[in-house]
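Once you scroll down, you'll see the structures, which are given as structure tokens.
Consider the two complexes below, in which chain A is the common component and chain B and chain C are the respective partners.
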Partner chain A sequence: MVINPRTEFLLKISMVWRGIFSLLTFGVVIALWSGILTSELALWLKILLTVILITASIFSAIGAGQIYRREHSGRMISLVIDYLAFVACSIIALNTGEVFIGIDALGETFASGLPYLGIVAMGYFLGVIDEYYTQKKQLWGESSLKVVSRWVMLGGFVLFIFQVGAIDGILYFLNKLTQPLGILSVAGIALFGFFMWAIGRSESAVAMHSKTNHEQILSGWLFLSPNLLGFLIFFAGPLVLSLYFSFTDSDAFSTPNWVGFANYAKILNIQLVSLAYPEQLAKEVVNISVYDEVGRFTFGNSGILFAAADKYFWIALRNTLSFVFLAVPLSVFPALVLSNILNSKLPGMKFYRALYFMPSIAAIVGISLVWQWLYNATIGYINYFITLGIEFWNNLFNLAIIDPKIQWVSDEKTALLAVVLIAAWQTMGFNTVLFLAGLQNIPGELYEAATVDGAGNWDKFWNITLPMLAPTTFFVVSTTTIQAMQVFEQVFILMNPPEGPNNSTITLVLYLYRNGFQNFKQGYASAIAWVLFIVIFGLTLVQFQQQRKSSIYES
Partner chain B sequence: MKIKSYRFQQFFSKFSVYFILTFFALVMIFPFLYMVATSLKIPSDTFRYPPRMLPQDPASITMTGYEKPLPLYFVEINGQKEKYALAKSNIKIGTFAPPNDVTKTIDRFIDEVSPTGGADQKTVSINGKEEKLFDVIVDGQTVSMIQISQTTVGEFIDPQDPSKKVYQNVRLSDPVESVNAHAENYTKVLELNNMGRALTNTTLVTIFVVLGQLITSVIGGYAFARLKFPGRDTLFVFYLGTIMIPFVMLIVPLYQLMVLIGWTDRLAALIIPWIFTAYGTFLMRQHFITFPKEIEEAALIDGASRLQILTKILIPASVPALATQSTFTFLYAWNSFFWPLVIINVGNEKNHVLTLALNVLRGRASDTPNLILAGAAIAVIPPLVVFILGQRFFVESVASSGVKG
Partner chain C sequence: MNKNLLFKVLSLLLVASFALTACAPAAPTEAPAAEVPAVEAPVATEVVAAPMEDVAIRWRTRPDNQEEIDVYTKISGELDTQLEGITLTYEPGGTESANYQDQLKTEVAAGTAPDVFWIPGTDVADFATRGLILNVSDLAAATEGYKADDFYAGPMYHLTYNPETAASGADSGALWGLPRDVSTFALYLNLDLINEAGAPDPRELAKEGKWTWEAFLDVAQKTRALGSDVYGYGASAWWGPYGVWLNAAGGGFYNADRTSCALNTPESLAGLDFQRSLYQDHDVATPYGEDPEPVFRAGNVAMFQNGRWATPGVRTVDFNWDVVELPKGPSGTAGNWLFWGAYVINAKTEHPAEAWALVQALTTAQTQGQISALGANIPSRVSQEALDAFLTFTPPTNNQAFLNGIAADANPTAEGPLWAGSWPEFSKVMDPAVQGVLTGATTVEAFGATICDEANKVFVK
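This part shows the complex of A and B:
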């Protein structure tokens, strides 16, 4: 095979570059640990950087050898390393130029640019009109309107860019880039970019014995890379970090200290002691410098006292579980009934379906504010409807039911119920749509056969619909449960303070928020998060077992 | 006879179906109606009991001789209700009666009577109780009477003929009211509390997140669906597994990450971490995998690049899927509250998004529910509009996700 000298030269410098890069990264690792480069770095960050750099160094060295041997893997390694470094440099450049934090400045000018976006929209509509007319009849020759539309859109967009201060922004960006780090990152972009081009060229590919599936592998990873990098940085990485933090006393700002299982031990430190008599004081049976009373169960002349080192966690767990066991049935059973009704072929069902769906798309914050006023004990509609209802029954049957005048959010007995009702109201429609889809997947022949066998509607529901719907039911119940376990926003907005009267609405996520972001005990908050996750996982697992047991009819 | 009863049964079952459906529809829709109605009211109207839906204003009339417009009330004259203006309120009227016959009562303005005997008021004993005596003028004659009771009334005058006066209790009179929507509540709330800026920020964040998610999930989904590379399927299973992981698991480490790169208090923290989504990638992959492979292969043979195939063939053919995905992301970005609450400082109002601004407004405007609910409506209505526009795609897609799950 003839390789032209230019390609030969590019491959040669690529190989040299791989070697230099390998040494360079290794040098940075040494600098990192000897303390020359930066003094204050969190341990986890230092370790992470070291792992990344060492990996890069090793692979770069291997890459150099493979390019020398004209093995295609050398080209792949080269491309991957240079691409990652290129992305890293671009991000550093953008960050140094304050592009990311510059979005804030856009918030100031964006509104003034909106009219120009209106021009863009106008241009777009011109294009739509043009398309409509060319479909109808060839009226204006070769769609001159389309050209006009394009120009209007372009002009509007340029004006918009100008109006929101993009020129100033770019100048500011360039100015910021003249800092050492900025210059370094721009140099990096140029360098890595050049070598990506050098070895990515199709001539180089041929020289390196590339096959079609190699190209597919490269474009596959390339296409996935933005998503995968973001996923690693903002999801998988933090997940691992969360586990690490849960074993530390991290406070978000200073270096965290490893504390082992101390956080978990504190959460799970509980005592169950039997009481000599139901009213016995907690301090007589447990060490109250460590334990607080969470609750007591009494039967007859004795009782059991439940005490915990972190009383609020257990109250929060109790509240969260009560919330789940109330809100899930309340949002699932009506949904099941409604979906069966909506599944009838009567007119108007799509309209009702859309109406039921509305609550689930509205902002929880806004909705909770609305309900806050509906729940108002003196002027709220809910108590008004209750009063009207009681008056109606009293008049109808000559009764004397007393209006309870429920205090809703300010009474510890009803506060959690108030939150439950909002949550049920909000998720019911969503669940209805899910059930409806499940119902529409049940083959009609089953019902026909049952009708022939003389089964009634109730039999059909019980013996066909429910078993066939089991997978959907599992999905609905488990997603609703997972959502409900994380209840936070409704409580935070509806209750003032969010803990509710006598801690009656403190939930696990609220407690996590209090610990992590108000007291900045972030290590402890991470431990709470993992306990929450385990509880959620356990509940889902139980539901999954139930579903497997009950879905004997499936397939 | 049998057919008839069958028909009746049919009618009855249909009726009960629509009855139940409508009942639930009302339950679902009522808070929204309440929100919009209340957001158009004046504050005093929101605190009224019994509550009512339509925003109404007390009517008033400008009359010569009075500085302020006078509120109008219904007054009953000869069994007919007429609109009279309240000219004077807090007029005290006493009911007086002679000590020897307390049933013969007479009403007089308090300032028209004077204590019998001046400062050293005389009293009379009735049934063992000492009662004060007042001089009341009856038919031009002064009579000593005792006071039975006292009420406060208002002076109502006929707007056409100010000499026609009626006295009656103001609180028990029905004010004349007219339905009047105060749309200016919305402009008021936008000016108050930086809500305008918050609306801009939310819009900005939502646009960036929707666009960013579309780009990453379309190309990522395409890679998962169509490009064969080692590790793809393992990675996909890994992606799927993470969908179930609750967000609160990430909130602490993400916060520290933001602290590390200096994005706390910045809008970037609300945008950049959220443009990479496993769920969106999953949805797009599921969509692309249904697309016929032959078209793509033909294009490849013609020398098109992967990117060209994606932008020229797949994306134009995937508008419904993209619309669904955008609607999902829009709702998520627009409604999010927990993360902004954590990452944006309460004091840094210029970077607040709508949900945060609402949280502040709730405490600040607790005496004006109309403004709070106007703010809530600003946050709630745009998603509803997007939902109505994308309803067809959206609801179907939710349904299908459930079936597959």
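This part shows the complex of A and C:
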């Protein structure tokens, strides 16, 4: 194969660049740990950077060798490393130019430029007229309107740019980029961009023995990269970080200290102690400098005391599980019934489908505030209608039913139920739509055959609809359970204080939020988050195992 | 020019302008046209000498409504002109989706918090001991005209507390900021209900020195008798409202030096028991835990306990109303709180001197008067001019009730952090336990037997 000199040269310098890059990254690692570069980095950040840089260094060195041998994997390695470095430099440059914190400025100034965008739209409209009214060409000459259209659009756009302050923005951005980090990142963009081009060229691909499928793989990863990078940076990264924090005493502000399993040990440190008599004080049976009473189970003249080093975690776990066991059936069973009704061919069903879906798309804060008013024990509509109903029955049958005047959110017996009702009401619509989709996938022939066999409506529902809906039901129950385990917003807005009367509405997510953001215990909050993850994972696993037993799902 | 190319260029320019506009400094917001009555009070502090070049200072405080945002924006504009060499940007903190404190703490952790920001008094210790806010004692010492005595003693005790020496005061070597404003509780009265019930006017009783717990209960019972949906008393479910009954009985949350729990002392339990009786025995109060404000606004509560911050909302009700100070308890005082929050300086600010200049300018009598004119708070500066001006911010007619609540002889307890422990942790233990008592789920005796065992764990051993 004949390789033109230009390509030969570009490949050679790419190979040299890979070697330099490998040495450079290795040097940065040494500088990082010797304190030459900076001494203020947290340990976890140092470790993370070291892992990334060493990996890049090793792969870069391997890539250099492969480019020398003209192996296509060297080209792949080179492109991936340079692409990632290019993206990193671009983000650093934008951050140095303060693009990410200028969103407020954008909001304030952009609206003022909208009228000028109207001029652009007007110019475009003139262009459209030019295309559709061909007769004007004879009157006004060739493309005169088109020219006007272009100039109007350009003029409008220039005015728009001035109006929104983009010129100031450019100058500000450039000014910020003159900082050492800005210059370095721009140089990085140019350098990595150049080598991406050098080795990405089709001539280089041919010289590196790349085949069509290699190019397709590269294109695939390139298209995937924005999502993949977003996932790694904004989801997987924080996830791993929170695992690290769960083994520290991090308060989010100072350098965290490694505490091993101390956070988990505190969460799981419990004691079950026999009571001599049901009313025996906790301090008589457990070390109250460590444990607090979570609850007691009494039977006859004795009982068992449940004490924990962190009683709020266990109360939160109890409340969360209670919430799940109430909210999930209440949002799944009615949804199943409702979807069967809405699946009928009765007139107006589309309207009702939309109606029942509305709570799912409404803002949760607004919904919770509305429910807060409805639940008000003294002036709320729910109690008002209960009172009216009781008065009606008392008057009609001369009864003496006492108005319960339920304190929905201020009585520990009803507070969690109040939250459950909101959550079930809100989730039901979404679940209904999922069930509807499942119902519409059931072949009509099954029902026709059942009808021929003389099956009634109940038989059809029990023997066809339910089994055929099993995959949908599994999905609905799993997602609703996971969602219910993470209940937070409804409680946070509805209850005042969010923990509710006697901690009756404190949930795991609320508790970890309180620890992380109000008690400066990010490390402990991370540990709670991971315990919650394990609980959710366990519950989902059980659901999967149960589902596997269903032959319908397996088939 | 090829049409497709033109559209490509225009599209690219549009996207670029989005990004680049984001780089542009925020457009100045016009100050509201409405005039706020200015307070004729002297500026008590000298502003630090301005530097030669303009420095940009961002500051933030938590506004309660758009009206306050407008006033703070206007003040920021005025101070921008007044403080030479400083360019100010005011950022209203907190949004519908982001709690003020959560947003602030996240920004502090990320290093993007403003140079000057407001925090509630209970947060000062957490911020100070973690090194998140600047100790400005040296700057204050070099500032001509600055005197700690110009502000209420309660907030300044905490703002000058030195955690290293456990000393407090002007020469403690610590100053964490200056109080933005103060507030206190009063009883908002529905005068129509009180007249209808034939109950004595609490304001008159207060003037005669007869406004005691017994008199309060009498008014509450008489108005409660007006109907099953009419209540004599209403208070929100947080530590402030229930704390005053403990304080007024001679008890309190902690011991004198705030190093251990005092919720189980006979005095504290007596105060709690009286409040419990309002809910459980006499049934004169709106159910504990239910928001009493809508009930009061609906005209169904005779005495609504709340702070000065509730005044703007109450001004819109359509019945006759006024305020009266809280009734005196067995200790001889009403046991009121002195609520406050402070402007503090970000420890990472690049311009501490300019930030300190701004904090002083924000706490002058004149600036505080502009904020107080909205009705939601009381100036934190002990200045007769400021207080005289406050009395003119009516309704309510009896503004003096608020000043009586924070007067020295009323001995209010200053809201504050726990330097020897964690206030959020203490509150986490105390709030549900008290709620248990007030809703009848727990007895006062059971509360007293266990509460401090748990609450004392939050103090540093």
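In this section, the second predicted complex is superposed on the first by the 486 of 555 C-alpha atoms of A that agree within 3 Å, B and C clash if a C-alpha of one lies under 4 Å from a C-alpha of the other, contacts with A are read in each partner's own complex, and residues count from 1 in each chain.
As a convention for this text, a contact is a pair of C-beta atoms (placed from the backbone, for glycine too) under 8 Å apart; a residue touches a chain by one contact, two chains touch by 3 or more.
Since this is a predicted model, take the numbers as computed values, not measurements.
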Fit or clash - chain C, chain B, common chain A
clash
For A:26 in the superposed arrangement: first (chain B), second (chain C), both or neither?
neither
Please indicate which partner A:160 is in contact with in the superposed arrangement: first for chain B, second for chain C, both, or neither.
second
According to the stated criteria, A:252 is in contact with first (chain B), second (chain C), both, or neither; which is it?
both
Which of chain B and chain C A:168 touches, first, second, both or neither
second
Chain C versus chain B, contacts on chain A by residue
B
Please indicate which partner A:410 is in contact with in the superposed arrangement: first for chain B, second for chain C, both, or neither.
second
Between chain B (first) and chain C (second), which does A:230 come into contact with in this model arrangement: first, second, both, or neither?
first
So, A:334: does it touch chain B (first), chain C (second), both, or neither?
first
Which holds for A:514: it touches chain B only (first), chain C only (second), both, or neither?
second
Partner chain in contact with A:283 - chain B first, chain C second, else both or neither
second
Superposing the two structures on chain A, identify the stretch of chain B from 98-106, 350-358, 368-376 or 386-394 that clashes with chain C.
350-358
In the superposed arrangement, what residues of chain A touch both chain B and chain C?
100-101, 103-104, 106, 108, 110, 252-253, 365, 372-373, 378-379, 496, 517
Quick check on the complex: what are the chain B residues that touch chain A?
14, 17-18, 20-21, 24-25, 27-32, 34-35, 38, 46-51, 196-197, 200-201, 203-204, 208, 215-217, 219-220, 222-224, 227-230, 232, 235, 239, 242, 244-257, 259-263, 266-268, 271-273, 275-276, 278, 281, 306, 331, 334-335, 337-338, 341-342, 350-351, 354-355, 358-359, 362-363, 369, 372-373, 375-377, 379-380, 383-384, 387-388, 391, 395, 398-400, 402-403, 405
Help me check something: in the complex, which residues belonging to chain A touch chain C?
94, 97-106, 108-110, 112, 120, 127, 150, 153, 157, 160-161, 164-166, 168-170, 172-173, 176, 251-254, 281-283, 288-289, 292-293, 312, 365, 372-373, 376-379, 407, 409-412, 496-497, 499, 501-503, 514, 517-520
Considering the complex alone, what residue numbers of chain A touch chain B?
42, 45, 95, 100-101, 103-104, 106-108, 110-111, 213, 216-217, 219-221, 223-224, 226-231, 233-239, 241-242, 245, 250, 252-253, 334, 337-338, 341-342, 344, 346, 348, 352-359, 361-367, 369-374, 378-381, 384, 425, 428-430, 433-434, 436-438, 440-441, 472, 475-476, 479, 482, 485-486, 488-489, 492-493, 496, 509, 512-513, 516-517, 522, 525-526, 529-530, 532-533, 536, 540
Touch list for chain C against partner chain A, complex:
1, 3, 6, 10, 13-14, 16-27, 29, 96-97, 101-102, 105, 108-109, 112, 126, 130-132, 229, 231, 236-238, 286-291, 294-295, 298, 300, 422, 424-425, 428, 431-432, 435-436, 439, 441-442, 449-450, 453-454, 457
